[in-house]
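Two complexes, one shared chain (chain A), two partners (chain B, chain C).
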Partner chain A sequence: MKNRLKILRAERDWSQADLADRLEVSRQTINALETGKYDPSLPLAFRIARLFGQPIESIFDDGQA
Partner chain B sequence: MTTTSSSPRLNRARLAQGAAGLILGGGLGYLVGRLAKQGDIDVSGLTWSDAMAVLIAVMLFVTGAILVAATFSKRLAGRIMDPASDRPARPAQISVYRQQALVMALSGLMMAAPVAARLASQPLSSQLAGAVMAAIVGLFLLQTFLNLSVWTRADEMIRQMVAEAGAVCFWVLQGALFLWAAAEKLELVPALSAWDMMTILMGFYLVISSVISVRRGLT
Partner chain C sequence: MTTAKNPARKRYIARFIPTMAVYVAAIFTVSWVFNRYEPTGPIAWGLALLPALPLLAIIAIMGVYLSEEGDEFIRKILVESMLWGVGLTLAIMTVWGFLEIYAGRRSCRPSGPSRSSASAWAWPSPSSSAATGRGAR
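Then we have the complex of A and B:
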């Protein structure tokens, strides 16, 4: 699933490790999310949305729209 | 900073791991050959599954032992856990990492124990067999506790990877088991022992776990 995670992270000048710490996941999970190798669980998607202050649909795109 | 799966640091880490495996594997092979040549152990009675089990056991035990040792250095543990990152491991990460490494080392011990017992005592004495089995049961219970602890504290992606590996193993091996059992019933293939099947299962699970890790970008 496509996502804007990398862009949102770069806007805040956070490293992958910084974002991982804020979301309480591993850096490898952040890397897998950004490269499309892993889709987050619903709770993690909500945490990401709350962290960036945006709705889930504006961060993740399942290509169905 | 985004890292790619082919960053120089990651490639160096892979090379180091490969080199360590070659050195340790070669060293072990030399040791076994020397002991066999001296007559200290008789490996002529080992089956293919015994040899495969010992190979897997040594890989698991040595890797697990090295990783446990590495967890006593935050920087080294951080480098091994995540070669692409500069950060030392945090205490909570080290705790989970150490438990995972212990699980690996215990798996190796448990897989090697029955084969080692048969090599050490020919014919196998009932007292030794009982003692080894009791030790295996104790180690299995400890490993189960550690596995559950790791599961509850692991990253969600790691949990999904473990579940995927389990699902793939189940679907592939249950089909293979059925086909082999049917052929065995029809006397078309030789019978497989429980030890043979366990060894195949462990080997297959390790391969599938590695493939899934690569697909997620972990290795």
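Then we have the complex of A and C:
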């Protein structure tokens, strides 16, 4: 699934480690999310959406809309 | 890796290393006791099972780590690698088992006892186990 994590992170000038700390996950997880190798669980997707103050569907794109 | 900051992984390693140390100690101790005293019967069974206990504990420790790991992606990687390990082990043991049951008896024991090697493995007769046991050591 495509997502805008890398763009949103760059806009805030955060490193992968910064984002990992804020979401309380590993840096590996951020990397897997950004490269589209791993789709987050619903709870983690909500945490990401809240952190960036945007709805889930504006961050993640399942290609159906 | 996330080793440095991950408390669940730290706890896993803190449990894993001493348990493996116990395992190595058990292997050496049990081998020494068998060489020195050649125990038989229930004592031999109990002694033979001793090194298995820390390994069973390792499996439990891996399970505890899996339940304590808070990072869902790391958890996914762990479950996948455990499945690979279990699957490969099962595949190897399946092939090995059938080779042993059907091919092992004819090639290894041309004039051995008439019972199949599968039942001989499960219930070794005192004479055959003594013969192979002494011969191996």
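A few points about this structure:
Just so it is clear, the second predicted complex is superposed on the first by the 65 of 65 C-alpha atoms of A that agree within 3 Å, B and C clash if a C-alpha of one lies under 4 Å from a C-alpha of the other, contacts with A are read in each partner's own complex, and residues count from 1 in each chain.
In this section, a residue touches a chain if its C-beta (ideal position, glycine included) is under 8 Å from a C-beta of that chain, and two chains touch if they have at least 3 such contacts.
Keep in mind the model is a prediction, meaning the values are calculated, not measured.
Superposition of the two complexes onto chain A shows a clash between chain B and chain C. In the superposition on chain A, contact of A:Leu44 is made with both chain B and chain C. In the superposition on chain A, the chain among chain B and chain C reaching more residues of chain A is B. Applying the stated contact rule after C-alpha superposition, one finds that A:Thr35 touches chain B and leaves chain C untouched.
In the superposition on chain A, A:Lys6 makes contact with chain B only, not with chain C. Residue contacts after overlaying the shared chain place A:Arg27 against chain B and chain C alike.
Common to the chain B and chain C contact sets on chain A are residues 25-29, 32, 38, 40-41, 44. Considering their complex, residues 24-29, 32-33, 38, 40-41, 44 of chain A touch chain C. Those residues of chain B that touch chain A in the complex are listed here as 1-3, 82, 84-85, 87, 155-158, 160, 215-218. Remark: chain C residues 1-2, 6, 70-74, 76 touch chain A in the complex. The residues of chain A lying in touch with chain B in their complex are 6, 15-17, 25-29, 31-32, 34-35, 37-38, 40-41, 44.
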